[in-house]
Amino acid sequence: MTGQLPMLIVVIPLISAFLCPLIGLWRKDACYYWLILALSACAVGSIDTLVTVIYGGTIHYHLGGWAPPFGIEYVVDHLNGMMLVIISVISLAVAIYSKRSIEEELPEKVVYFYTAFLLQVTGFLGIVITGDLFNLYVFLEIASLAGYALIAIGEDGAPLASFRYIVMGTIGACFYLLGVGYIYVSTGSLNMADVHQILPQLYRSKVIITAVSFLLAGLAVKMALFPVHVWLPDAYTKAPSAASALIAPLMTKISLYVMIRLLFTVFKPSLSIELLPVADIMVWAGVIAILGGAIMALAQTDFKRMLCYIVVAEVGYIVGGVGLANATAMKGAILHILNDAVMTVGLFTVAGIVVYKTGRHDLSDCKDLFKKMPFTMAAFVVVALSIIGVPPTCGFFSKWYLIHGAVIAKHWAFLAALLLSSLISVILFFRIIEIGYAFRPSHGWHSGGGHAAAIDEAPLSMLIPTIAIAIAIILIGLYNQTILSNIIAPAVPVL
Amino acid sequence: MFDFIVSYYNYWVFIGLMMVGFYAMMAKRNLIKKIIGMNIFQSAIIFFYISTSVKKGGVTVPILEHGHAAHAADGLEHGAHAVDIMQYANPLPHVLMLTAIVVMVATLGVALAVAIMIYRRYNTLEEDEIIKLLRRG
Amino acid sequence: MILPFDLILVLFVFICAIAAITVRDLLSAVVILGAYSFFMCLLWTQMAAVDVAFTEASVSAGIGTVLCIGAVSKTRRRSRD
Amino acid sequence: MKILSVIAGVLVGAALIYGALDMPKWGDPHSPASSHVSPYYLRHSIEHTATPNVVTSVLADYRGYDTLGETTVVFTAGIACILLLRKGRKRQGKRHV
Amino acid sequence: MTRASDDVIIKALARLLMPFIVAYALYVVMHGHHSPGGGFQGGVILAAGFVLLVVTHGLEQTRKRMSEKLAGVISSIGVFIYGGIGALCLILGGNYLDYGKLSKILLVTPAEARSLGILGVEIGVALAVMAVMYIIFFAIFTAGESPEDDGRAE
Amino acid sequence: MEVTLLLEATENAFRILQRAREHAVGVLDTAVEFTAEETRYCDEKRCRALFTGAQRKKTQIHNFVGTSIILFAFWMLLSGKFDAFHLGLGAICCTLVAYLFHDLLFANVRVGDMRIVTARFIAYIPWLIEQIVLANIHVASLVLRPKMPIDPQIIEFKTKLETDISCVTLANSITLTPGTITIDIKDGVYYVHALSQKVADDLNAGEMEDRVAHIFMEADHLYVQDVLDAARIYQTLRV
């Protein structure tokens, strides 16, 4: 049965999602426990798979028993083993966290919310684990559709944000499909490994060049790279807090993963880096994204919106790091995928708690929060320090590798952008902390004084995941050498 | 030149349709129009895939003729060699596009649902008017 | 594959596509979209993709149009562009 | 905005035309798409699955997992519609908009 | 559009056509092996039959045959049939969705077991697609019918 | 005496109540008002429930069997495969559909009459074809004459047909016949567009309507008096 594990990681949440509405008919509150059960099983499975990969090498799994170019294949190597663990653990944390906030925000739609939640996680896992280009598209669509729904049920203005996301997301997905089509026309295969073998003879072909550009353009829309990020801030600001805590850290990271997978597994690095100016474009796109995201973040007065622009900037880090195309920067980029996923989920869970307690998410609402909810804000400070890049939090190490890589590649603009954005993060977070520590008596931010007094520490089911994420940030920082040598070093593609 | 255009004509058709759809998605302000553009865009891509499955010279539907009462035993005897591949269209793009069509209609349903939600809240479907309302409120 | 027939179908497809995005009456636009899907499906039948054509005819030209009509009837029929 | 989208559309079209220049000709029976993987399906469909309709056998068996994904997409759309449009008990309170 | 039509001819003909539409849909599902068609097409045609009923006989009459709750249950069950057949293969010792392993319980050759597996899967797909299309249709056609939600929020 | 009465009563009741299930209820209520006796009212209600219950069950079974046979024929027409597997699938599917939709196909056809209706319907078709041919010739002669003596008009007439299926049959027969087109049916009034005076006269003569009524056994109408009589007979039986 252990040979079936890679399959079970995806199938367990999938089948649980089908059963979730049925359970909801029986008892509404059972859905939550069902969700937790399914995601825990999934997390255990993915951790086990990662361990197996570390000790035993890449796992291949043939669905339906058909050999690869004819059937669909699952491939788990170090890179997507790590992604699986990230997704399943983070979604488990968010699931635990979601109970109270969903009961508050969408009391009558709990059952279907959790079903969509499970489908979303399934989509993410399916994207990451598959070794087939078209299968990836299908799961991308599952994840996107669930995401549209989860975003659209948010507060006022969410449907419009979701609609824009639908339009942009469809363009992205269609470009991806088109790229796959071009690859299929010129190679006749859809399996990543097979395409990898056939492609080198075709690198001069215009078809492949177009395919690469369309694939990357589609993924750029999905990962919200700076000029095409317009859908992201609205969508994640207006979504229910549990949904944004799930989607914001994972969707962009998964698109980044797919990009790395395409550039270095489907195409050979020789194509991506030497034949085409992909790498240069990516570094400059990264620089623009970092600067644009950071500056836009500085201009926001809305807490959640500011976090969204931070996400945009972080995407720039990774894209730039991959574009630098040396082993050190690549290490930094992959480590940053891990770190950034954890940090972003930390930020959005804190934002969710603030929304849960105050009902709004302006920066001015953070007043006095340090006194009222010390634990939450302690977690927030840890996350903030990590984003700024203060050791021993994990953000420091990935930034260190990225900077190191930039120095090796002698790309000073990227280096400057990194440093500048760290500076801007300092300003951003100290502004919040300053607001939070203002010890003036709370007035003006809410008319009902009685309501203001009701703000206290968040409920345990929300607090525990948040604190756990903060601890995880420090732990990843402390054990970063172990993670690097065991998981990330083998995951870095051979250049 | 003419020969060139004819021998690639499926590509020109799909590119033209895609541009129409893309333009509608980007430029139209009415949400339903955007959805219509999305539909055209997606079906253009489907057209592209299907057109790659054609083989010149009288291809037929990929349903094997002698599979009539063929059970596995018959198939084993002459199924493996009797099939003339050039006679049948390539089935793989068909399969992929069946999936894509269903994805298309699923996206259509969700997009329409969201559009109706927007209409319920703002009582209009024009994007610029909605943005104006949002700014004001 | 009869080329003239194909070309006529392609012409119809283009006309329908452009009409669907230019007509201001949304109900007409939606119905034209249905016609577009249907011509597309004929084109695919020409290309020996009967399964896909069948699916397109039932899914996109059938249910898709019905859903669009429902949405238009629940919202506004006029569009400004 | 309109001019911008026209330009974007034309750019996309131009890129696609550029790519199409190296494509196999329309209906070429020896294009890689028709000669690499798909002959296997046509040859072995009856032997492996006893199904003369190759599209069905590829859809539901060789690439059956895609179809599971596709059904899940449809299911997701249904869940999305229920989530978005179905009224629960009245949404009173409406939070603090 | 969602009220009963008052035209006698349309109503009567819709009533007469309905069993044939459903039978045809089932035919499409069951004969996917030999002719074009399969789960999706059949499911959509089934849903189209119900759409016809709604348009002619009104929402209330159709709800008596198939309520939204029932549709939700059917959609879950349909997808679960697909996933469940896959899991059954897993239990019987094959990989996921390896229908060849079903020959152990169906007592036929592996090729025929695959054929039967395809049939089972198609039935699941048809149920799911039918129910989901019905749900989407209902959701869109009944949207905005209770006015207390829209008037207030503006 | 009792037995003959019983038989007569049963048969009458079947006849009448089958004719229009919902109608009968209303008419019986009227009848009860006429006689205005509270006690009898209750008895009749029970009686009626008894009869309609038995009636419904029988109708259901008949409809179910009829529907499934027709559907199975339809299936075989579509399928063209006559091995056991496919026929078995067909049988299962048809039974399922018939179980779910048995009330649709034969909604207003009476229990014992299904065979008669079918036979008469088949007998009606040649006559219809003959009419169509005749009308074709007539219209062709009209059109081909250089003067074209057409006289388009809309005629309306009230029909005596009751069930919707017979109405539809009549309407479609009218439309099938060249020269006449049914525009609308509202509250039992037909609005028909006729091309010339002759076809309009033919229609007004009402032969087609009579034949359609004959098919669906509607020649004899339901009168209040019938119901009143029947009710009295039940009452005698019960006492």
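So that you can tell them apart, the chains are marked A, B, C, D, E and F in the order they are listed, and the count of residues begins at 1 in each.
We adopt the following convention: a residue touches a chain if its C-beta (ideal position, glycine included) is under 8 Å from a C-beta of that chain, and two chains touch if they have at least 3 such contacts.
The shown structure was predicted, so the numbers you read here are calculated from the model rather than taken from an experiment.
Here the chain-to-chain distance from chain A to chain F, counted in touching steps, is 2. If you tally contacting C-beta pairs for each pair of chains, B-D comes out on top. Greatest Cα centroid separation from chain B: this falls to F.
A separation of 29 Å divides the Cα centre of chain A from that of chain B. One finds 22 Å separating the Cα centroids of chain B and chain E.
Chain geometry summary: the mean Cα position of chain D and that of chain F are 49 Å apart. Under the contact definition stated at the top, the residues of chain E that touch 2 or more other chains are 34-36, 38, 40, 72, 75-76, 79, 83, 86, 96-97, 99, 111-112, 129, 136, 139-140, 143-144, 149, 153. Annotation for chain C: residues 1, 50-51, 55, 59, 63, 67, 70-71, 74 touch two or more other chains. Within chain A, contacts with two or more other chains are made by residues 14, 18, 21, 63-64, 134, 138, 141, 145, 148-149, 152, 156, 178, 184-185, 190.
Of all residues in chain C, those touching chain B in their complex are 1, 3, 10, 13-14, 17-18, 20-21, 26, 29-30, 33, 36-37, 40, 43-44, 47-52, 55-56, 59-60, 63-64, 67-68, 70-72, 74-76, 79-81.
Only residues 34-36, 40, 109-112, 129, 136, 139-140, 143-144, 149-150, 153-154 of chain E touch chain B when the two sit together in their complex. Listed in rising order, the residues of chain B touching chain D in the complex are 7-12, 14-16, 18-19, 22-23, 26-27, 51-57, 62-68, 70-72, 74-76, 79-81, 83, 85-86, 88, 90-96, 98-99, 102-103, 105-107, 109-110, 113-114, 116-117.
Residues of chain F touching chain E in their complex: 67, 71, 74-75, 78-79, 81, 86, 89-90, 93-94, 96-98, 100-101, 104-105, 107, 164-165, 167-168, 171-172, 182, 184-185. Within the complex, the chain D residues that touch chain E are 47-53, 55-57, 59-61, 64-65, 67-68, 71-72, 74-75, 77-78, 81-82, 84-87, 90-91, 94.
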